[in-house]
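Input: structures, listed below.
Each of the next two complexes has subunit A plus one more chain, namely subunit B in the first and subunit C in the second.
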Partner chain A sequence: MTKIRTTPIKSMLLIATIIACMLFSGCMAALGSSDQKLVVGEVWTMGSADPAMHNYELNNFLVAEGLTSISPDFKIVPCLADSWETVGSDSWRFHLNKNVEFHDGSKLTADDVVSSLERTMKMNPSVTGQLNIKKISKADDYTIDITTNTSDASLPARMAYGRASIYKINENSDGTISTPICTGPFKFVSYDKASDTLELAKNEKYRGGAPKLDSVTIRFGIGDANARQMAIESGEVDFTTEPPLGSTKSLQSNSNLNVTIHPLCQGYKLKFGDISKAPYDDVSVRRAIAYSVDRKSIADDILLGRGKASDGNALTPGLAWRNNDLKGYSYDTKKAKDLLSEAGWKDTDGDGILDKDGKPFKITLYTWPQRPALPSIAQAVQSQFKEIGIDADVRIMEWDAISDRADEWGMISVAGGDACMMIPDPSYYLEGQFLSSNDDYHYKNAKVDELILKARSTFDEDKRNDLYKQVQKIVYDEDCAQIPIAFHYLCVVTKKDVKGYVPNPAHHDYCISSGIYRE
Partner chain B sequence: MFFNFVKRLGIFCLVLIISTTLVFFMLHSLPGEKAVVMAKYIFLGSVELNPSNEEIQLVKDKFDLDRSLISQYISWAGAALHGDLGRSYKSNDPVSQEILIRLPATITLAFVSVLMSLFIGIPLGILAAVKQNSITDYICSSTAVLGISMPNFWLALLLMLVFSLKLNLTPTIGYGGLSHLILPAVTLGTASSAVIMRLTRSSMLEVMRQDYIRAARGKGLSRKSIFITHALRNALIPVITIIGLEFGHLLGGTVIIETIFAWPGIGRLLIDSISARDIPVIQGCVLFITLMYMLLNFAIDAVYPLIDPRIGGN
Partner chain C sequence: MQKTRSLNEFLKNKASVMGLIIILLLVMTAALADYISPYDTDKVVLKEKLKPPSWQHPMGTDQLGRDVLSRIIYGTRTTFELSMLVVLFTSAFGVFIGIIAGYYRGIVDEILMRLIDVLLAFPSIILALVIIGAIGPGVFNTVLAISLVGWLFYARVARASTLSIREKEYVEGARAMGCSDAYICFFYVLPNCLPPIIVLMTLNLGSVILSIASLGYLGLGAQPPIPEWGTMLNDGKEYLRDCPWLSVFPGLMIMISVLAFNFIGDGLRDAIDPRQLVIK
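Moving on, here comes the complex of A and B:
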């Protein structure tokens, strides 16, 4: 008899005790406050601490540095190299800063540069392809000679690539590096794969002066935007990015938080599945679609201040090589309809959908769910297409499944994360998007190919920028090869006492700054 | 008994072989060309960029993707038999290490959630059955319906909002101390408590209609004795089966909850590996999850005779 009474009571007691313990430890965790410490809540996962394999994390969190770096106003500035010059048409010479020390106290020499770049290129073909290096050799202890595969004016910019860092080769027995030794303002302390947490400490002897923070903890893999918002609101992290699109106002009104929204070299665009086939092989159709998109309403109503309507050029305003004189395509449904009707698309059966030779203008508009604004943008575009008589079906699926459907008739996608400064040089984006040998949507224009290739080997900066401006004029204004919709802005939320953060829009997605401190 | 054991072992191996084989060949039918997707993850770090032809070829050469699927499978299975699950394509770490890192997090979360659902589900289920059609019953049952129907990602955010943000009692996200466990465990435990509560209730009511209960009543046994010694033991059989399934399901990982709470579980590892076409890790995870399910089934089968001696008697 007594059994019945005690069993539930005992279990209740047990539960109560467990919960009490948990709550208590929770309180303790929440109480711990910091002096000059910063906890960052990161969207993506880190994966690997090996400087040859990481994805910009070591660079963005100021552990690793390259020969050059990119300033917030988009200039290639000295970093580990003091200066550089061309030696002949396919060769560059870099002079190293002689006062650089690694985190273990040893001096940086030409040997370190050669060995780390060679190791990275051997392990990571993507870096190899981007750096375009044929041979790298030491001229003396502080001078490096780099020969490129082709005559390449962009090499100094490519040296600022987040994955071309210089590090000490302290490999484990299996050839991997788990404790990177680099040269930046922060030292690598540990990386715990289970909790995806990176711990950094101040580099007291940093040549540009030690950073103000004593330590930085980066908690990777907080992929859920709502969870990030709550983590910063509850004070568990001190610095995070990209809270939900609709949360900006409530975060701004929170007196414990600081919200910064700043431009980023990323954007949204419409991308055709196959530009060489009907209906998109007709430039009038592409232009009509460009006229049909109401960019302002997308920027205002969907991006909610976290972006800006595009003026017709996907390149970020402020870049020296950006063509600011494009005429672009305004929102003009009448022009769009006229263009389509000139191209033979008319509504002959009165169902509100255009048709030509008996084929209705029914297309599928694809996008993917990982970037929160994309599905909403796709829906907005869908209704704007409807205005001009194009019937689009929106389908949201994984990126890889979308790329499999590029051959469908009328396939078009809304793309996000369109980063034009991954490597801070115009060649990176314009070659990747518009060179006929590189593209995946069959865009071909011999003139564009010629200009792009010529620009790569043009060393005079003004002439080079001018060539790239001509490219933009052709691909955006004349050919309408892609349709830029909006620029994406980054939202950074920090605690009120986090000061000294200087945004660098040239970084992908962001980097912390060594001037950050706690008040 | 011995024959029984051998038979079970045989089935065990067969299921393992079939499941890994199925998964291996199903991977081939995932959208996107394998080498292209792998090149994106391994070398570019972003699915939104397009790899060059050289990068794709390098991936093919490095991981032997030009070989036929069958020969790829045979070499994987051969190594796996020797305990070598290979290395992750993406991180270059051994697959066993990738799984072992996530194992404690997964097991703790699964165990605590199941424990919670037991302590809440069974007593409430009994209570509802004993007080059938009373206010208590209605409250318990309708709460259970709420628990089942609430989407768990929503519950997770709600719990975070209340307990972390408003009351400041628990950390919102992350993996570490006991305090980090509480919200994900409650989120996962809620739905399974509700399932177990409803099952216990209906199973109890079913048993209460049996003849032997009427006989026990006729003998003049007290209500409590009837409930505990006669009804509950019999009613628990289906409940235990469900608990086993729930536990197995939780050990296989719960992607949404793991993502929201940034919890380093097997589920997220598996999903990330599937998107990256990281085949050795996918295979390792499938092997692990299958193994877990089957071991649990063994354990559940071993528990049945303790509750009902008629099972396993012959």
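Moving on, here comes the complex of A and C:
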């Protein structure tokens, strides 16, 4: 083995080179900050760039677009399709915008729409269920006919769903797509699976005018809130969301950062594990529980400005189909106790816990740790339940493990991030939660089923919204089928020079906007 | 004679005496928690949330307005109860297996020891995580998971001692008098292999406290609102930058108690080291 000998001159040269490199990279970094670049620190992971599986992310970061899209004031607006109309009771016709170009310069035609929707539905069964499409066919080069499984007024809204975005089929030999070609303001450049990083570049030829940013880098998978806070404070990322709950003040006082809080279509709520079984099959018990929750104090003291107490309806204020006249349930422990004692729950053995037929009112609250406010909300609810004589345990575990336990006696899940606008239509949330054939919670009400099914095939918007308002009246006020606690607001932290971000509350959790620029 | 010598040896070691004092204080804290803790541990007073340390709340309050000092005090109780339970379970089971292996040798020894070798190949905390993942989080499950992976070292130490003890004349004598194997193991072998086991127990207490806190920190140990140091650390993590008192105090308690147990363990090891007993 030869020994490498370092002379003093050599080592000095080495040191000089290192210093020069460091100075040079320092200059580069300084230059870089004036460029129109944006680095986003994202909470969730991506995993692959195949649009069939990850259209949603591509849509949120303005790479992929759908036939329609959702505006910040919750209207379905034209996107790749200029207009649409019904053809018969279960069929829709979409007329494409004829000036849309893919990132590779080719024109968007009906064939691309048909093949990409078919491919997504074939590869991603969960999307198939959400789109409710039976058949999709091309009428001419710029016209598409879509037949739905049942008469469905929500199809245009379903086409705004990120997962229904349109892309070019450029499959590899194994049938996957690793370089998506779409139509949005930003072009896909690369995706690195090891670092879960997505690189995008400006689409100069975007039909609505090129975005101001030259490039966007999205670093996925910074799941830890403290890590995101440190990343934005150290300048590693320029844009991130959901820093730790307690950090809003110190971030606001940081002169390099800009902190904004926006409403979202998500909320915190209590969901009964199995509403058809004791003790929750009794509506008085459900109402008592609704009366026992102090929503205002949870919103003010736990969410610390990142949310607002619910008025009794889980749907976000501002939606046209939202029933704003629900009476809701105030915080009233006396009423709660009265209701419980009427229902036969009394403290007969004097241990402070209600019982009925010898069975104590001992229940379990399940929640998961990814939404940082949830464990605290669960513990606050637990202590509020104690006030009315319900003894609750709190269990914090992964979401999948929780859904397996739904049939435990007295199971309640404390849910957060529960989106009512994943598909921007009332059917998405109300059917998913309350239609008896989707019996995740075993809620059954023939009247609700009838209203929901009728609304699905009602094409007059006002009449349709009215039907959904009646559904909300029944499920929240009368049946108390789930207990909304608070609306979730999104906290966005950016560097001071990041301007032009327009939040879109209809997206889950957020999407960037093409007007963002660096000052 | 031997006993006093060991005791003197132990008392000469300043670090271990300090460790002993700290542990005694902590044990008293745990025992008297009901009398000395100023507030109810799970009383949620949302208006009093995230208050920095003050005369009213010497360690501040947490995100739900609960007094951190009271939770630390009750946390001492939780931690000590759990760790003692784990150490008792693991040492009893480990010593039992170890003595059987060492006493019978041959095929029994071979099977048990290879099994232990296999189990030792897994990092213990990972194995505990897997077990918790399968049976769900909770206080009892934590004890179970840590115990299931913690008995291995006891078994090895007990086996090693037993191997030498079973060749001693007094064991030979007992066997000649017709004592049963169980009798010999319990009255001759067990007492004589206890010294190293006791050292191992004290040293092990420290690492068990760490394991319990780790599981709590990962959200897999004691479930809220049970006050437990690791769980408190986890709760405080979200507020680390702005309200450090939520994590600093539980962290300090974990550090102090683990250090104290390690000091005692070191002192004990030096004091009752069999090699020193032989020299005299």
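Convention: the second predicted complex is superposed on the first by the 485 of 519 C-alpha atoms of A that agree within 3 Å, B and C clash if a C-alpha of one lies under 4 Å from a C-alpha of the other, contacts with A are read in each partner's own complex, and residues count from 1 in each chain.
The definition used in the following text is that a residue touches a chain if its C-beta (ideal position, glycine included) is under 8 Å from a C-beta of that chain, and two chains touch if they have at least 3 such contacts.
Being a predicted model, the structure only gives us computed values, none of them experimental.
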item: Subunit C versus subunit B, contacts on subunit A by residue; value: B
item: First (subunit B), second (subunit C), both or neither touched by A:S126; value: first
item: Touched partner set for A:I275, first subunit B, second subunit C, both or neither; value: neither
item: Partner chain in contact with A:S195 - subunit B first, subunit C second, else both or neither; value: first
item: First (subunit B), second (subunit C), both or neither touched by A:N226; value: both
item: Subunit B versus subunit C as contact partner of A:G246, first or second or both or neither; value: second
item: Subunit B versus subunit C as contact partner of A:R395, first or second or both or neither; value: second
item: Which superposed partner A:A415 touches (first subunit B, second subunit C, both, neither); value: first
item: Which superposed partner A:L108 touches (first subunit B, second subunit C, both, neither); value: neither
item: Which of subunit B and subunit C A:Q382 touches, first, second, both or neither; value: second
item: Subunit B/subunit C common contact set on subunit A; value: 226, 401
item: Contacting residues of subunit A [partner subunit C, same complex]; value: 225-226, 229, 244-247, 249-250, 294, 297-298, 300-302, 369, 372, 375-376, 378-380, 382-384, 393-397, 401
item: Parts of subunit C lying in touch with subunit A, wherever the complex brings them together; value: 42-44, 46-47, 49-50, 63-65, 136-138, 219, 223-225, 235, 237-243
item: Partner subunit B, residues of subunit A touching it in the complex; value: 1, 3-4, 8, 11-12, 14-15, 19, 21-23, 25-30, 41, 45, 47-48, 50, 53, 55-56, 124-127, 129, 176, 193-196, 219, 221-224, 226-227, 230-231, 233-234, 236, 398-401, 403-404, 415-419, 422, 432, 438, 440
item: Residues of subunit B touching subunit A in the complex; value: 30-32, 36-37, 39, 43-52, 54-55, 58, 90-93, 101-102, 104-105, 116, 119-120, 123, 157, 160-161, 164-165, 168-179, 181-182, 222, 224-225, 227-228, 259-262, 264, 268, 272, 275
